[in-house]
Amino acid sequence: MGLEAYVAVSAGLFALGIIAIIVRRNVLYVLMGIEMILNAANINFVAFSHFQGDSLDGRMFAIFTIILAAAEAAVALAIVLNVFHLYDSIKPSDADLLRE
Amino acid sequence: MAEFPLLSWITFIPLIGMALLLLVPKNNKTAIKAVSLVATAIPLVLATWLYFGLFDKTTADLQWKERVDWIPLMKIQYFIGIDGLSLSLVWLTTLLLFLAVPLSFSISKTPKAFFALLLLLEVGILGVFVSQDYFLFYVFWEIMLLPMYFLIGIWGGPRREYAAIKFFLYTLAGSVLMLVAVIALRIDTGSFSIPYMMDLAGQGLLTGANLPGGGELLGMEFGTWIFWFLFVGFAIKVPVFPFHTWLPDAHVQAPTSISVILAGILLKLGGYGMIRACFPLVPETFRENCSVLAILGVISIVYGAYVALGQTDFKRMVAYSSVSHMGYVLLGFAALTEWGYYGAATQMFNHGTSSAVMFMVVGVIYDRAHHRDLNGFGGIAQVMPRYWAMTTLCFFAAMGLPGLAGFISEALTLYGAFIADDPTFKIYVFISMMGLVLTAAFLLYAIQRVFLGDLNEKYKDYKDMSGREIFCQAPLLFLCVLLGVFPYLLLDWMEPSVVQLVEFLATQG
Amino acid sequence: MEFNPEVDFPLLMAVLAIPVTAFILQIAFGKKLPRQGDWLPTTGMFGVMCITVYLAFKAITAAYHTGGDGEEHAALDFLWSSPDAGFQFKWLFDSAKDAGPLNVVAGILYDPLGAVMLAVVGIVCFCVHLFSMGYMAGDRRYHIFFANISLFSFAMLGLVLSDNILFLFIFWEIMGLMSYQLIGHFSQDPSVPFFHKWATWASKKAFLTTRIGDCLLFVGLFIFYRNFNLAWEASATLQQAMPDFQPLLFTDMWEMGRLIVAQNGGEFPAWMTLGGLCAFGGTIGKSAQFPLHIWLPDAMAGPTPVSAMIHAATMVAAGVFLLGRMYPLMSPEVLNVVTVIGAITALFAATIGMVVYDLKAVLAYSTISQLGFMVTAVGLGGLTAGMFHMVTHAFFKACLFLSAGSVIHGCHHVQDMRLMGGVRKYMPITFVCMLVCTLAIAGVPFFSGFYSKDMIILAGWAGVLDPAHGGWIPAFALASLAIAAMMTAFYMFRLIFMTFFGEYRGNQKQHMYTEQIALEGLEGPPLHGHDDDHGDDHGHDDHSDADHHGHDDHGGTPHESPWPIVVAISILAFLGMFGGHFWLADPGHLIHPTHSEPWFTKLATPESMYGPEVGAWATTKISEGIHNHDSDLAHSSHAYAVGLSLTVASLGILLAWFLYVRRRDLPNVIATKLGPIYTLVRRRYFIDEIATACFIKPTMQLCTVFKTIDERIIDGFVLLNGAIHHKLAFFWTWIDKTVVDGLVNFVGLLSQAFGAAFRLLQTGRIQQYAAFAVGGGLLVAAWLILS
Amino acid sequence: MGRIAPEIVLTLLSMVVLTWDLVTKGRDSRQVGYLSLAGLAIVGYLLIDQWNGLRNAGISAEPTPVFAMMTIDTFGIFFKLFTVGSLAAVMLFVLSDKRERKHGVGEYYFLLLGAGIGIFFMVSTSNLLLLMLGLELLSLASYSLSGFHKSEKRSAEASLKYVIFGGLSAGIMLYGISLLYGLTGTIDLIEMGTGDGTSWPVGLAAQFAYNPAPVAIAIVLIFAGFAYKVSVVPFHFWTPDVYEGAPTPVTTFLAVASKAAGFAVLLRFVGLLFMAEGVDATVAAYGDRIGMLLAIMAAITMTLGNLSALRQASMKRMLAYSSIAHAGYVLMGLAVMTPEGFSAAMYYLGAYYLMNLGAFGFLLYFEGVTGSEEIDSLKGMGWKAPLVSIAMVAFLVSLTGLPPTVGFVGKYLLFVQGIEAGYGWLVIIAALNSVVSLFYYFRIAKALFLSEPAERSVAPQPILTGFLAILAVGTILFGIYTAPLQSWADSGTASLELVNSAK
């Protein structure tokens, strides 16, 4: 199974993530979309590092990315919670006080 | 050349005055007036001394040069100097600013701020006239705008905010284009010194060769776009048709003293800028476009006169008359003959005096009647004979009646245009003659509507001009007569510079 | 008596200095001085008069000296120009450029013509000052009036004295200004109900109309100056001929003109013709020639002394004087134009003169007509004749105006002749003076006018008879002049008869003009409009004004005027009688005066006016019959001329006598018979109406149009704004609002256009933001890949 | 160790602040503020010390690597000082903002310091991993800061939008990095730039030859991450909303510090990839295309920012758009792809620091007075608080780019570089843009002075007033005496050791 397969999968994942962010009406799915993107990147990192003479950079990066994702998720959820508490809704499109 | 930095003193004394003014308590009106009077009087005295004593009128070189590095990293210098072209205007500036102070004694709304801004304005104007470093020139050029904006915007008429921002935007729009051109020149020549740029241009070395793509911009040759950018920048100030529409609004809304300065000096900055910092840098392109400029000038003359004829607002009329009169300046420049340049240069000075008086005249009646509707007056001469006499005098000076200053400049300009190499200029002269008649027409029409005919009852008990008003107008009217009879008082001083400049423009590059 | 520069140039300077000083003093202190300081300028002018006359005598005697006993027409060679004597004034540049084409050096030129003209001006001005002391008494701007007339006198004297065309032009314009001021003298005096309106626009009209001519003259000046310079720089021979050539000095211009034409093989170059025409434009304006004459009748709105001085004797004559100065430079073609214009003017002004009833209007039109005579004369080559007529006319017309003023004064400021009559009983002296001058202008022998007019007619004949200079133009000129002369005699005596004979009709007792007054209204006010745009309606209420005014000051019988007036008119009447012809000068001709040689013609021959060479050259344009008095052509034409002028004069007088003394009922009958023609003439050929319709109205409309354009389109940043203005109302209201807020229109437009678009993107929906961002990113990537 | 002393001190400081705040819970947390200010002073001192050390070693001293990850160079220190300065300013704002009292402000300082740490790391590394971490640290802190007024809907919404958009961009950037890593086999920018195509890591040069499209995509994706930080079109959408919703001090922080940090990494990224010594000619040529891309983005960004700002009634939102416009101006400096251009951009950032801090400080001042962000609420205030208002006029003049202010010099330098690089059209657009900007900036001046004096009396806020006065003086002073700022910017760029890519 060649590099292309991994890249293809990650690309798909990336695209799905973006679509999720744009179209989902539930903010939690939006956050998941972000996670998908991050993990798409992770797949790339690991795959590339494997196919490039096992350079450690990629894997290291992947590990850090996972941590990042966790931290970000934490902050994001806290914010979402606060928003839900103020707006009684988890539809991101409901929060549109700030606009032209 | 000059050990004693005279020009710097002339230029920056108002700034010192401003600093002192800020220390004066807000409600001590007399002290405020005194300080600003002194701060404007000293430059006037120095400038007069310079004009009649220190200035060497036999040479065309820069005099009283001061040259020190300012921003070495950018090769920017504090480089100022003066020659026949700028001398008279510097003197006029100091005079008008000095007169503007007593003229504004009636200002009741925070006079402190008013006079402070006035002094700052003077610094800007004088700076433009003396600076020989293009960066410095530009800096002063822009410094002028801010006080002007506030002077119109705070102490102006009902639509002052509109007028102020309009003035600001128009001028800035012109000057940013100017900045682009200046930067290009700087990159090409490696220096900001205007005389140096002139030298290069004279040797035909100012071709944008040091710029990527040979300095082409938006498909225009280097010379072409440099010329037009600079020209538009200055033309907006002059103002030349069709860039003139900010002028009436600014004038109508501005307080009297500011209109006086606006018409008396700020418009001249445009003309001065052209001959100092636009034409000499791209003489060839200038020569190619002379007829275009001439046409613009003629349009300004006739069109301005026509529009003025149609006005019912006294001040608006006077404002448009400025458009018309400044048209002669452009025509004279375009003629590219010594006579044309004598004419244009004197026209700048003489219009400076006559138009200033005209605005004071409007101010006098406005202070009494609180309106400027020409059709609303009538018979004023019966109650204010002195006012009538002075008005008539300055109007006739403005319409170029022989024996008064305006005639010299208009005659010289028109003759200069008449003898231009390009035969079509003769046609322009004929058309401008029509402008002469029209000018006479709208001025006489105004006199008739304001002063003659039946006296409107509600003006019956108006007082004639006060001593202060006369004090402000008399010197300028005196100049109108004096320079009409002894024009050499101007011409002798500018002669060498003009000869050199014309010779340069006509042959070099 | 010899002319001696050390003394006499200072004197001439004094001639200029006195009035201007008087003016300044008068402006400064006039009001505080006793009698409002009228004595100040008057005495000053007296001094001026003395100087001028004294110098003129020198000139005349000089003429007779050089003339010697034997030969009559010896050329007179004095052209004293002050630069030679070191009296000069470096004008444009003091130090830098002294002489040379690039500087203007002004000085005094004192030549025979100038000498006489100066004396005339001096005398007339003094008389007018004197007259005004009586006439203007009680005026509310008395001192200003005197200040103005003295400044005017200064300008006129300066014009005569200046030795270069630029300064001539300058003084010319100052005169225009003073004329404006003086015509408008009543314009701010509500105590004269009709006049202060009429004066206002009349003065403006005068200034603007003449200014058109002035601009032409100015261009002409350019043309001469430029081309003289070019020619001089071009040719070495010219430079040798005139090393220090001053292209503005008259003397140099003449000489240079001669040389250039000589170079050009006797042909005038085209630019000279053009320049000559432009210069003549100046004359048309100032001397009220057709079609720019319209301002002169209205100038009568000024006080009578002003009309006498400015609009009869001096200023209007300046145009002719200019012709005299420029004559050598005028090509034959130009002279033809001059002739035709002059002839037309002379004729048609005379026709109007026959039908107007306003005392001053009659004189005004007669002035126009007489000016026409002079211009025609110059055009025909009768240079001397023209100048001669200018001098004599100055005297008798001034006298006529002043006497008319005296009459008006006596009749309590009524101007309509139909309300006068029989005045001679009340004002004998005035009557005598007026009669004398009327005889003079009508061309009755022994009176000055006869000689000058006779010479003009002679010029006409000479032109007609001369095979070399024949053609239709002299014929036309002669014919119209003859008719005009007859009409002159007619309307002048009509004036005399209507005013001084019959019974006094002032208090509207029995008189036979009632229906006509009812029909046409009283005169005094002109019949046409008084405002820039249309006037007829104004015209009417002015009638009522005048009516009212007329009746008001009625009551009481006329009375003789106070002494200053009487003295003044007497002096002028004396001169009007003998003006052209001092018997003392050459007693030998006392016996047969008609064949005598008036001193003026000895004095002002072309040779003496332009110096020998130029004079000789100038005469080549002239028919021999005019300048060479011994040629048989001269004799024959002289015979015809005398005959003709006598006939027309007597005819005119008889006709007037018949119509206005014998059969007073006839005029109205004729008027009604003529019908439309009469109306046409009565309404001055509608020229004012035409002018209004063709020039003034369009101008005013045009400027309104431009005004709108300026505010709507150019300001509204060009069309776009205007278009939107109509297309989208709400859009416009928004712009308007923001404009009021202080938005400049075009920024408003931009922000509206783009800002709206960006606004659509800024929805406040985060996911849409994300979508836009991703989309934008894709575009960027695409660009980067594809570029 | 000494090389990363500032980072260490800063980290310790944040810890101390956090614990201190926990200890003194509930009480007025001013001491925390003063403490952190003091700490920042120390950090600043250390940084200046390093700076001088490097300067004495010669302006282009060898960048000194730490753990093969961090690079201590004048470039980084410039931005660190910048950050310290803005952090101090923001803390001053917080201290002088009465309305912050009601929220527990302790965390405020902690979060700010945390963001600071993130910036410190991201600006001083050429390693994409560390860069990414720093960026994320900054972002996370910013998310929570912008939502700091938990009880306010707008604040909460701002943070939500920020976190979603930020997360998205971070993800995109990360994905881009992964692709770039895959293509070049390294995560170090220097190696990417200089690596020859023979062996791993191959460097970009080789990849341009084989598969340009993926490279382009990777670069664009990474740009997206930076562009969102500096809010360049089309990644600017979050800016107005977040700026408006966030507490004003936070907005200030976002507009000044975080934006500058974004530019720092952008500069380093572009510089090291395309302009470092020894980069392949093909790469340099590719750099020109990137330059063109940046130029276009700059033009769009500044135009959009200015035109949208024109119509804002809220001063805060207007400043948000104006900050977008200024991002466009700075981008000009990058677009020209020359070291001089970079230093011009850095100079402009310095100017931006002075004038924007001033503007936001002014906003804060009058929020304190009128409790509103509307421009109309300023009517006639100029006569009431003259000093602050005059200072504001100075800031406005500088923001517009008129002499004699630092803003003008900054614009001037950018224009010079633009014209020298042949981007005349871009310069003209920028020039006209500054005309447009005049209009909305001077609506504030108009409101302040051109209307009749207001009735409302103004309570003095000495700290803020003094701070604004100092900023104003700086604004004008650096406009007349430009040498210092310019030399800092120059030495900053010099340490990147860029070469003028082939034109």
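To keep things simple, chains are lettered A, B, C and D as they appear, and every chain counts its residues starting from 1.
The rule is simple: a residue touches a chain if its C-beta (ideal position, glycine included) is under 8 Å from a C-beta of that chain, and two chains touch if they have at least 3 such contacts.
Not measured: the values here are computed from a predicted model.
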Please flag the chain sitting at the greatest distance from chain D, going by CA centroids. C
Between B-C and B-D, which chain pair is linked by more C-beta pairs in contact? B-C
Nearest whole angstrom, what separates the Cα centre of chain B from the Cα centre of chain C? 38
Between chain B and chain D, what is the gap in Å from one C-alpha centre to the other? 43
If you average the CA atoms of chain A and of chain B, how many Å lie between those two points? 65
Whole-Å distance, C-alpha centre of chain A to that of chain D, is 26
Going by the contact rule already set, what residues in chain A reach two or more other chains? 18, 21, 30, 92, 95-100
Chain C residues touching 2+ other chains are 742-744, 747, 759, 762, 764, 766-767, 770
Within chain B, the set of residues that touch 2 or more other chains is 161, 164-165, 169
Touch relationships between chains, expressed as pairs: A-C, A-D, B-C, B-D, C-D
Spell out the part of chain C that touches chain A in their complex, as residue ranges. 759, 762-767, 770-771, 774
What does chain A use to touch chain C in their complex? 18, 21-24, 30, 92-93, 95-100
Chain C to chain D touching residues, read off their complex: 742-744, 747, 750-751, 754-755, 758-759, 761-762, 764, 766-767, 769-770, 772-773, 775-777, 779-781, 783-785, 787
Using the touch rule from the top, collect the residues of chain A that touch chain D in their complex. 7, 10, 14, 17-18, 21, 27, 30-31, 33-34, 37-38, 40-42, 44-45, 47-49, 52-53, 55, 57-58, 60-61, 64-65, 68, 71-72, 75-76, 78-80, 82-83, 86-87, 92, 95-100
The residues of chain D that touch chain C in their complex are 160-161, 164-165, 168-169, 172, 212-213, 216-217, 219-221, 223-224, 228, 233-235, 237-238, 240-241, 289-290, 292-293, 296-297, 303-304, 307-308, 310-311, 436, 439, 443, 446
